[in-house]
Amino acid sequence: MGREMPLPPHDIMRAVINNRRDRVFGDESIWLCLTCETCSARCPNGCDPARVIDALRELAVSEGVSPSPRNVRAFHQAFLDQIKFSGRLFEVGLVLDYKLRSGDLLKDVANAPAMLVRGKLPVKPARIAGHGDVRRIIEACERERTAGGGELT
Amino acid sequence: MDFQPRITAFVCNWCTYTGADLAGTSRLQMAANVRIIRLPCTGRIDHMFIVKAFERGADGVIVSGCHPADCHYTAGNYHARRRFGVFRELMDFMGIDPRRVTFSWVSASEGVKWKDVVNETVARVAELGPFDAYHELAGDTITGGEPAPDPFEAAGGAETSDPLEAHEVGR
Amino acid sequence: MARIGVFVCHCGENIARTVDCARVVEELKSHPGVVHSEDYKYMCSDPGQALVRKAIEENDLTGVVVCACSPHMHEKTFRGAAAKAGLNPFLCEMANIREHCSWIHEDRGEATDKAIDIGRTIIEKVKHNVPLETIRIPVTKRALVIGGGIAGIQAALDIADGGAEVVLVEKESSIGGHMSQLSETFPTLDCSQCILTPRMVEVLQHPRIKLHSYSELESLEGYIGNFKATIRKKARSVDEDLCNGCGDCQAACPSRKIASEFDAGTGKRSAIYVPFPQAVPNIPVLDRVNCTRFKAKRKGIEKDVCGKCQEACLKGAIDYEQEDSFVTEDVGAVVVATGFQLYSIGRDQPAGLKGYGEYGYGDVPDVIDGMQFERLASASGPTGGEILRPSDGKPPKTVVFVQCVGSRDPEKGIPYCSKICCMYTAKHTMLYKNKMHDGKAIVFYMDIRAGGKGYDEFTRRAIEDDGAQYVRGRVSRIYRDGDVVKVWGFDTLSGEQVVVDADMVVLATAMRPQPGIAELAQKLSISYDEHGFINEAHPKLRPVETNTAGIYIAGACQAPRDIPESVAMASATAAKVLGLFSADELEREPTVALVNEQTCIGCFSCEQVCPYGAIEHVDVCDVEGHICGVVARVNPGICQGCGTCVAVCPSKSVELQGFTDEQIYAEINALGSW
Amino acid sequence: MSLGYYPGCSMHGTSREYDESLKAIAPALGVTMTEIDDWCCCGASSAHAADHLLGVALPARNLALAEAQGHDEVLAPCAACFNRLAGARHAVANEPGMAARVQAVLERPFANSVAVRSVVELLLGLAPTIEEQVAARLEPNQLGELSIAAYYGCLLVRPAEITGFDDSERPSSMESVIAACGARPVDWNMAVECCGGAFSVSRTSSVVRLSRAIIDDARSHGAQAIVVACPLCHSNLDFRQAAMTRRGEEPMPILFITQLVGLALGLPAETLGLGRHFVATEPLLTQLKALAAARAAADAAKAAAAAEKAAARAAASDRPVVAASAAAASDPAPAPPSAGGGDA
């Protein structure tokens, strides 16, 4: 994805070193990272851009900075809410929810039937017994983060 | 101050003695209470030397050599450090206040540090007052030939504490 | 009864300003044992020294104390003066009343009292001084040089030209080392073989150089001036005395498809071979691993197979039964010049290194390393100097050079900079462009480190005159895509990803010490760093010495080095060796430790703490001559006189001459009287 | 040794056939595994991007469950899940303070004692078994003619200190499994490049660009199919392939490694869920069957001829040596460059 990022990983690292929040959060770069880990695997100095970018996204979310491209953030949001609700990811739900948030309603709708035919999309969400437990964990983590307990930056 | 402490310094020939020389050539003024005894290496220092110094009326002692890893003889100062670990235990036992002894590293380029070591030690010992317990120190006063305790007996324990650090001054 | 003479120096005003020298003279005159005491303005001047000599003779003094400057300043001077007057120099000591007194105090009274104290202390010490004789160790004026690369060759020639004998040991069948593999050399682009071969021949013909090729050091015993080296002459399967280097055996050998080490795998050789035509000595070696005959033997086939080389050899020099033999050589000094190896980043990685799978080295035929490029560019190489890529033998139109492969990479490779890569990469681009004018040379670099005479100009030339295209950034991926080698990189200056369709890629791989360097270092009891490079005694002031006296280092065994540096180091070691050999005997300060074998209990605490391994075990026998115990003995040739053994000896059986317990206690006691 | 099974969400949805095929081959290979009761989503690929702690805590919950249910190993077929689980295990073990923080949010005992295994790792260990079974089968192995590109993607091999079981730049474990199945692994270039992962839905354009490069490279290296071990990769390469195939290009079937093993073991395509792919697999399979049959016939003929030769050779005595020297003459191994040059 490097080539699609306005700031490629090494520039992000540089900006972080120079504490250039404006640059780091200035565009959608950090949201375009797929955590494919290639940068971390090949860094001669053992830096771990993938982790740094994760941390930056976390920061961005908690501080509400950084214009994460609407659809990417939407995806993450939809994803987490899914788990929060059922404890597991319910893909149909995810896709629908995501479309509502991101607004590109038509995308993939054509494919959904195909998915159903192939038995790939259970229509009914599987809700695990411990979904409450999961919700609690998610909220606990949110609390810790807002309490600033996290070790980011 | 009226009380002028008498300090005996055991220094190695290559680092601290040369460092003291540098202090001289740089004309660094310092207290005149210190008398230097030159040894090839702190590794040479038998801690009975220190006991003897006190026994002969010194109020304080400075032991100073090369920084770790700088030893002219590659490892002498490490062995010294290790033995002083044992020695500190001994001092309490003999009723010598450990604060009367300064362990320090002064390299050939640290004239200023040497000055500080001297002045701070003199000041510290001056506060402690005269060391008058020396007559209680055991042993024949002429040869000072008490059998030294085997330095390696307690060496194991010594390694955990680092006496040179413990009292280092003039950083 | 001691008869001490005291000499107080004013050092012009330096001492006299704050120290009342007259009073010092008076006070010390009355000190027990002092028979003479005087002062003078400049004691170190000739008239001053004359005073000392005169006093020694007139009062036949048993000791001299010079109250003046630091012993580091003038101890030699005054000991010399004492010696001239017939007094053992070690009975003369200095009391430092300048650096340690007059210069650091203002109060005249205080300073004078202190000066007197210092004088007394030294007087008391001198009373216990004993005459010492300078230690003399015989020196074998013969040097062992390990490694026949350019460093070893230079060291051997310089030492031999200096008049000493040299034993040169080379593990390969020919000397020449890596330099003989190079095509041209930076920054002058003169042909490596042309400047090296004559030196190699010189070595062979030098009356004072004895060459053991295809040999390795088995063990080294002894100490400076007196080493005994055992050398393993590996079974060459060729009688060195009979062989006349005609090469018939090589021509007769049927297995000719063995990858040539000399050509870094780009060329082929036979099983019995001389690595290259100019080899010195020009005697082939039989590679028993690849030889048909030995393969068959290993397969357990009774009958002798092949044997064509033996048939072909008219001198009957081929000896299949030959075994490793050993020779011992007495030498006085050792020069280690074992050089380097290139970091092979292929699939098999040494412990601690991850390698570079993403660069496809070893899998993609057209991804080669610097040494392989040298062979391709070399007139004596497999392509006769034409640059043709390995896969299809076509001339590559676009060549990508990647610097810092393995170097400066603490995570996957090696943290240090290999130093020569920037230069040889620039050289490679020139060699390539000079042979392929329409070719494109692209260099990926992190920084260009071209420090050295004419070095930066050289890299500039590559860029500006020869048009090499330098891209600042690292390469992330190299793979084969049909006919081309795809190179993914990043241009950090333009901030763009770069993808090059190259025909060939040359990796400037890192320099590492030779394999087996650790074992060698242990044999020589010298130290090496975490990468395996030999440690110098002092990084600035003793760069070619090791912490073991009499063993010196030259070239890339100490750190990444280029040819000029290796040669300079080699000549430096030669100077050191010749200096050592300049006298028949080594003179050493007698301030060394001495064991009282009567009282030694043989606990060898001293051995544990001695940094130089100077402690030897000696059997003690009872009256009937039966061994009844073992005691320690200090080898004065090795002891450096730190005195650590003295301090740890539980039975007080070791004394450090010049700093005996007696002397030191005397000093301490002297201080008791203030 | 008790193996817990962590399917992960997509195994019950978009990559159902992965689950089916795994369950199908497990008994055949003598693997018994029990699904972790009440497992939850591991958070991939959003949790870690939103909250580091959550990214560790969710997988940790599953590892804790596995622990409680007496497993000492957990099998996570989904590469993303595997990466998250293994990553969590690593983080809890190595990040200062992490163990405590996780403990605090989990509110259940967690000793971090469970090892995490990927399907590839498991199959690699079983490769000999697979080979035996394939050999033992009577009908000709239909995979004999199949050239396959093994696609690892990111999460299976990176980062090395977490995944560990294979070289992160030049992995070979899948190739070993493919070979064990009797198929031909192709040597290609995109085995560890990223396919676009989680952007399948949110940034399809990128996925198409990245995945196309992968499929093109596989095709150009003669692969007839790509084998994957990751639902994300699969959906990108399979589900999105329509968007990236140009006119005249044969579609490239994308198989899960478990499906390949299943085929090798002779399990019916249906049970392996081969019908669930967007890129149809039938044409390839039928083609293979034909080829395999043909080859079997040819082999039989060859074998007969060879037998005669062998008999003849047995007569002459000094033959083996010639063979040996011939082998020597054609010894291809290039010397390591470092071997050049001469030093003691």
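Letters A, B, C and D name the chains as they come in the text, with residue numbers starting at 1 for each one.
Methods note: contacts are C-beta pairs under 8 Å (C-beta built on N, C-alpha and C of every residue); 3 or more make two chains touch, one makes a residue touch a chain.
Everything numeric here is computed off the predicted structure, so don't read it as measured data.
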Between A-C and A-D, the pair joined by more C-beta contacts: A-D
Chain nearest the global centroid, as defined over all protein CA atoms shown: C
Between chain A and chain D, centroid-to-centroid distance (C-alpha), Å: 26
Whole-Å separation of chain centres (CA-atom averages), chain A against chain C: 57
Distance from chain C to chain B - Cα centre to Cα centre, in angstrom: 37
Length of the line joining the C-alpha centres of chain C and chain D, rounded to whole Å: 52
Interface hub residues of chain D, defined as touching at least two other chains: 160, 168-169
Touching two or more other chains - residues of chain C: 358
Set of chain A residues in contact with two or more other chains: 38
Complete list of chain pairs which touch one another: A-C, A-D, B-C, C-D
Contact footprint of chain D on chain A as seen in their complex: 1, 4, 32, 34-38, 40-41, 48, 50, 54-55, 57-58, 61, 69, 71-72, 74-76, 79-80, 82-83, 87-92, 94-95, 98, 102, 107-108, 111, 114-115, 118-122, 126, 128-131, 133-134, 136-138, 140-142, 144-145, 149-152
Of chain C, residues touching chain A in the complex: 358, 408-413, 474, 476, 490, 492, 495, 497
Complex interface listing, chain C residues touching chain B: 70-72, 96, 98-101, 103-107, 110-111, 113-114, 117-118, 121, 547, 591, 605, 609, 611, 640-644, 646-648, 650, 652, 656, 659, 661-662, 664-665, 667-669, 671-672, 674
Residue numbers on chain B that touch chain C, as the complex places them: 6, 8, 17-18, 20-21, 23-25, 27-30, 32, 35-41, 43-46, 49, 52-53, 56-58, 72-76, 79-80, 83, 115, 141-145, 147-148, 150-152
For the chain C and chain D complex, residues of the former touching the latter: 146-149, 152, 169-178, 180-181, 215-217, 254-265, 275, 290, 292, 295-296, 299, 301, 303, 305-306, 337-339, 341-344, 346-347, 354, 356-358, 363, 369, 371-372, 479-482, 486, 509, 512, 514-515, 520, 557
